[in-house]
Amino acid sequence: MGNSLGNLYKLTTFGESHGPAIGGVIDGCPAGVELDLNKIQSELDRRKPGQSSITTQRKEPDQVKFLSGIFNGKTTGTSIGYIIENTNQRSKDYTHNTDVYRPSHADLTYDKKYGHRDYRGGGRSSARETANWIVGGAIARQFLKNIKISAYTSAVGNIFLDKDYTELDLNKTENNIVRCPDQATATQMIKRIEEIKKQGDTIGGVITCVIRNVPTGLGEPIFNKLQAELGKAMLSINAVKGFEYGSGFHGATMKGSEHNDIFNPDGTTLTNYSGGIQGGISNGMDVYFRVAFKPVATIMQEQPTINSKGEKTAIQGKGRHDPCVVPRAVPIVEALSAMVVADLFLQHRARNRD
Amino acid sequence: MGNSLGNLYKLTTFGESHGPAIGGVIDGCPAGVELDLNKIQSELDRRKPGQSSITTQRKEPDQVKFLSGIFNGKTTGTSIGYIIENTNQRSKDYTHNTDVYRPSHADLTYDKKYGHRDYRGGGRSSARETANWIVGGAIARQFLKNIKISAYTSAVGNIFLDKDYTELDLNKTENNIVRCPDQATATQMIKRIEEIKKQGDTIGGVITCVIRNVPTGLGEPIFNKLQAELGKAMLSINAVKGFEYGSGFHGATMKGSEHNDIFNPDGTTLTNYSGGIQGGISNGMDVYFRVAFKPVATIMQEQPTINSKGEKTAIQGKGRHDPCVVPRAVPIVEALSAMVVADLFLQHRARNRD
Amino acid sequence: MGNSLGNLYKLTTFGESHGPAIGGVIDGCPAGVELDLNKIQSELDRRKPGQSSITTQRKEPDQVKFLSGIFNGKTTGTSIGYIIENTNQRSKDYTHNTDVYRPSHADLTYDKKYGHRDYRGGGRSSARETANWIVGGAIARQFLKNIKISAYTSAVGNIFLDKDYTELDLNKTENNIVRCPDQATATQMIKRIEEIKKQGDTIGGVITCVIRNVPTGLGEPIFNKLQAELGKAMLSINAVKGFEYGSGFHGATMKGSEHNDIFNPDGTTLTNYSGGIQGGISNGMDVYFRVAFKPVATIMQEQPTINSKGEKTAIQGKGRHDPCVVPRAVPIVEALSAMVVADLFLQHRARNRD
Amino acid sequence: MGNSLGNLYKLTTFGESHGPAIGGVIDGCPAGVELDLNKIQSELDRRKPGQSSITTQRKEPDQVKFLSGIFNGKTTGTSIGYIIENTNQRSKDYTHNTDVYRPSHADLTYDKKYGHRDYRGGGRSSARETANWIVGGAIARQFLKNIKISAYTSAVGNIFLDKDYTELDLNKTENNIVRCPDQATATQMIKRIEEIKKQGDTIGGVITCVIRNVPTGLGEPIFNKLQAELGKAMLSINAVKGFEYGSGFHGATMKGSEHNDIFNPDGTTLTNYSGGIQGGISNGMDVYFRVAFKPVATIMQEQPTINSKGEKTAIQGKGRHDPCVVPRAVPIVEALSAMVVADLFLQHRARNRD
């Protein structure tokens, strides 16, 4: 278990970073969705390594190849299989890690859980898996035509974008390599990442995501609430340490008289501390949330560690890694959001005819 | 959809606050677990309304009645059905709400989603549902004998407990009505809630939860990571706005060289920014997380609102409600945690023989 | 696991024949379905023991009590909880069985699987569980207003109803206690059951079921084919040994040139060897199938057997049991069919808008 | 939905016969299973087209290519991805079918369900999909080392193998091309198929399957009974019209005093009408069942039919098709059985420690 996301729009994936390919199966996409395959590829390009000076310099084309479920440019309603070949896996980069447990990596836990693991590049725990999610999300977005999902970098380390999303022009997110729609802040963030990189270190950050035009009624009450499914999806990203929506942790400091969103006559609300969700169900307002990313565990500095026998040793990153994962995670957050919304959209539609 | 939590240890629930009873089915609890029914009831008592001066004054005995799956004091391995009768539903308290949408409640979203709703006490969206979770969690805890789950109130509004959980004696949590193990902070918190109550207002807060003795290997990689399942469960609680584990949002400001948890020779780590989880799998260290609660939406002050026709009206809470939901949510956080851990424990065991 | 049927229309059940009650949760029934509760009860009455001279003489009112999910006579779209109290469990009838494994019962397998079992009346393996299915099916039928599901007894032992369902008036099924719409055959069947009963023996039989007005398009290809879901549901009935649909086992003797169903211009077919299903998907023709029931294992004759220690002993049925389960199973087959069709109906609708 | 089989041992598939490849993901296979890849390929060879004079002459190597989840010859416990390239799809064979509904094929139902379909070779409804199942089953068999699954052809049209499986040497099944372990009957069956082929017609048949050494305790009571999961899997095979286990339809004619399996002191039974299953749970005796296959719908004779506009036309098979699907279905029945048993094995093990 553990390799599938979703119920009615379901992605099931496989793949290690150093095998021949990663890939997956998208089950449940309705028939007749016209697919622009270039758009899918361009989402993959937003995630791919080597895209800018502040990402890993590893180059990988990440070319998706569809194998089924699409005919004459449209989905057939049957399962969509695809693969993305691994073309630039330098296993040699990892031979020094065969028996060493990298700090804050999943080496030890995989060994304890499975006994037998593919140690090259983290095996299945590699963030390469997220390319699969981009494919699943890119198709979901084309199905959900009218729903607009926009994520952006809102913090890198201690550099915070101190503006509410409503004050920003989210069309500007792609204008810079850190994917922050506020250019002044972006410049600071990039500078910070470059410094960190020079130190052989890494840094965390925060992504904010806004989903507009969500129809009222999405989300199943009790255990498949919209926020719970979004949170679960985000917490599936390797480096994510926290999730908050609407007023979030700040809301915990507020009083009810401040926090309640007063209705306008049309059912919209004056404020949106609720983050577009009431009782787990979308209310038609913008859904928005923030996702915290820890710093990448692989650093270019030497660190003490142990091997599988419990012997002390040391390790220093030799692969090509990201100093800050956040810019490349922006399309990942969007993709996961799209899959969650598509899934809940189908669940809702199953029981509603109009 | 939406009324089940878990895969191998699964709770399926039903019930509205103003129907004859709530209840559920626990499917997947192994056979032969000796159950102390008094312990289950005492968990329900920790959650029940009317237990102290800072909770709602509504009194409800919340007596669980088991109907199946237990024989001669032990689980039989078949499904455990139970009900909790609703004895103190004062529907009259809600007749004034029939057609009014309460701000930051689920009235509008249920109406939009379902067209037809039980408006008494919020119907299915009522937090009364959480009594069901206590039952599911209390049985999970008895199955997971050696795993110790301890939640406590770590913030009420702006009153924060500024100590790490490792500095606290978590056996003291039940020593005061706000369920904060630091008595000095607890006193301040209680005072704050009493003030808020006097204002007819409500206040948010934060719960911290620590899970000790989690065996290494729990959590399924990719989409059923331990943190993702915990996060999903917590975000299913009505008032929850955020979830973070380990270093959480603070971790996003850190550098890799600071954040990485260096191994001791025995596989434990010097620090635990990871929160006991690597690659979605427990590493044997303490699992800990924080959950943010918004202020309760029902306040005793008059607020402007609308009815289902979009007409302006006003509303003022008349039922008996909590000024701060956090103290009563402590056992809920523990119960959900127990169910998540039991579920992942069984998933892991299915594939491991030793 | 094992206590839920369905995906989008899902029934989860609990209960032993000798506990206080059986019951369940129906999750996924759309909101706004007007429910005639008398019709649900009358389906239970068709199944209940003691209804005629050829069924067990045990009397049990089987009164369903709904606890949630219904408001002002209509479903709310949230989970429907219900219980059926066990009023006539004579545990004494079973005290002689505490440690004895009854031949062709589930005593040994439950003991081996669970170690600990409720031996009274078969515990969870009791056919009393099927009352739960009646409730789930009766609500599904009210949701599926236009789809007509008709099952009937088509064989008792070697007495076969040698007519195709198209030659029968299925409105006559309830005209006799054996539930065979052909009165002449019914008379023979009843006589046969009476003879068998006098011998202290039991006899098997066959039920045929016809589902009319199934919309084209129900059933998910590959692994959730309409016939696969129907077959699985039928094979969940304790005594069922076989399932065939359309041409069934006879079709295995035919040639393609005989078996192919030639189309009429309107898409209907001249013959219906397909049983209304092609590629797992309903084609608009009648769906029909046959279900084989073994003779009830509890007989009033003495049989040699063993106890849990492997010691030889003997046993003779002392409870009140059915000489032939088939007449009472007719509404069970219908109920399971209704749940399967409702589930696939919702699955189909999730992905189709028109 | 519809493209996954199993819960803890789960196969999810994709692919059309005329796309670049079919493939799938196996999720839940435990780590550390040593895989003999040649054995997997040899199972595929037993199913592949063109293997003998009585199968379709289409040649397809059906070479499986694993992409993940296997490292140094052993499973890693993560998802196993694989593809099988389509090398011999002659789409031209199907261009005449673009708009024609072939009788007793899924053309009309796919069109009605999806609106948009890949008409080449039946698209997703093609039996080519069964190659995927072989892969899933072949790995399950290597996991289930000690459990022996043996299927064989027990009828072709009206030629029946009139011997119980206990009278046969099931090691002889592969000695002839029709896969019947009784050589005299096999000769007749082959002759029959050759005649039918000469007529441009097709013929149905029956496969019997025996599973030995099933541990006691597999199968989840109520809705995931062993027989129900086996039946569902078998009814997923395109041409299957019926399933019976143990005494099957014949059991419906028997009396309880004849049908009950009397225990030996060791818990085995003198007879095995039960088919190795009581209450849905394996009892340690052989599990056996029979599966009925209709004749292949594509015949080389001209048949009247309609197109999607309801216009009358005629059709004659032009592709290379099987005159009788049964011999090639023998490994398919075994593969599905293996997946079902592996899944229930894991489900049982999740809750049992010894």
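Letters A, B, C and D mark the chains as written, and numbering starts fresh at 1 in each.
Going forward, a contact is a pair of C-beta atoms (placed from the backbone, for glycine too) under 8 Å apart; a residue touches a chain by one contact, two chains touch by 3 or more.
In this text, all values refer to a predicted model and were calculated from it rather than measured experimentally.
Participant: How far, in degrees, do you have to turn subunit A to put its CA atoms on top of subunit D, rounded to the nearest 5?
Facilitator: 180
Participant: Determine, using the mean of C-alpha atoms as each chain's centre, which chain is farthest from subunit C.
Facilitator: Farthest by centroid: A.
Participant: Once you find the CA centre of subunit B and the CA centre of subunit C, what distance in Å lies between them?
Facilitator: 39
Participant: Starting from the mean Cα coordinates of subunit C and subunit D, work out the distance between those two points in Å.
Facilitator: Here the centre of subunit D sits 26 Å away from the centre of subunit C.
Participant: Round to the nearest whole Å and give the separation of the Cα centres of subunit B and subunit D.
Facilitator: Chain centroid spacing, subunit B to subunit D, equals 46 Å.
Participant: By the touch rule stated above, which residues of subunit A touch at least two different other chains?
Facilitator: In subunit A, the residues touching two or more other chains are 1-4, 8, 13, 28, 31, 77-79, 113, 124, 221-222, 347, 352.
Participant: Spell out the residues on subunit A that touch subunit B in their complex, using ranges where they run on.
Facilitator: My answer: residues 1-5, 7, 13, 101, 103-106, 108-110, 112-113, 122, 124-125, 129, 155, 157-158, 196, 199, 201-206, 216-217, 220-225, 227-229, 231-236, 238, 240-249, 251-267, 269, 273-275, 277-284, 292-299, 301, 303-306, 310-312, 347-348, 352.
Participant: Where on subunit C is subunit B touching in the complex?
Facilitator: 1-4, 8, 10, 12-16, 19-25, 27-28, 31-32, 65, 67-69, 71-72, 74-81, 83, 113-118, 123-124
Participant: Could you list, by residue number, the parts of subunit C that touch subunit A in their complex?
Facilitator: Spelled out, the residues of subunit C in touch with subunit A are 8, 28, 30-31, 77-79, 221-222, 346-347, 349-353.
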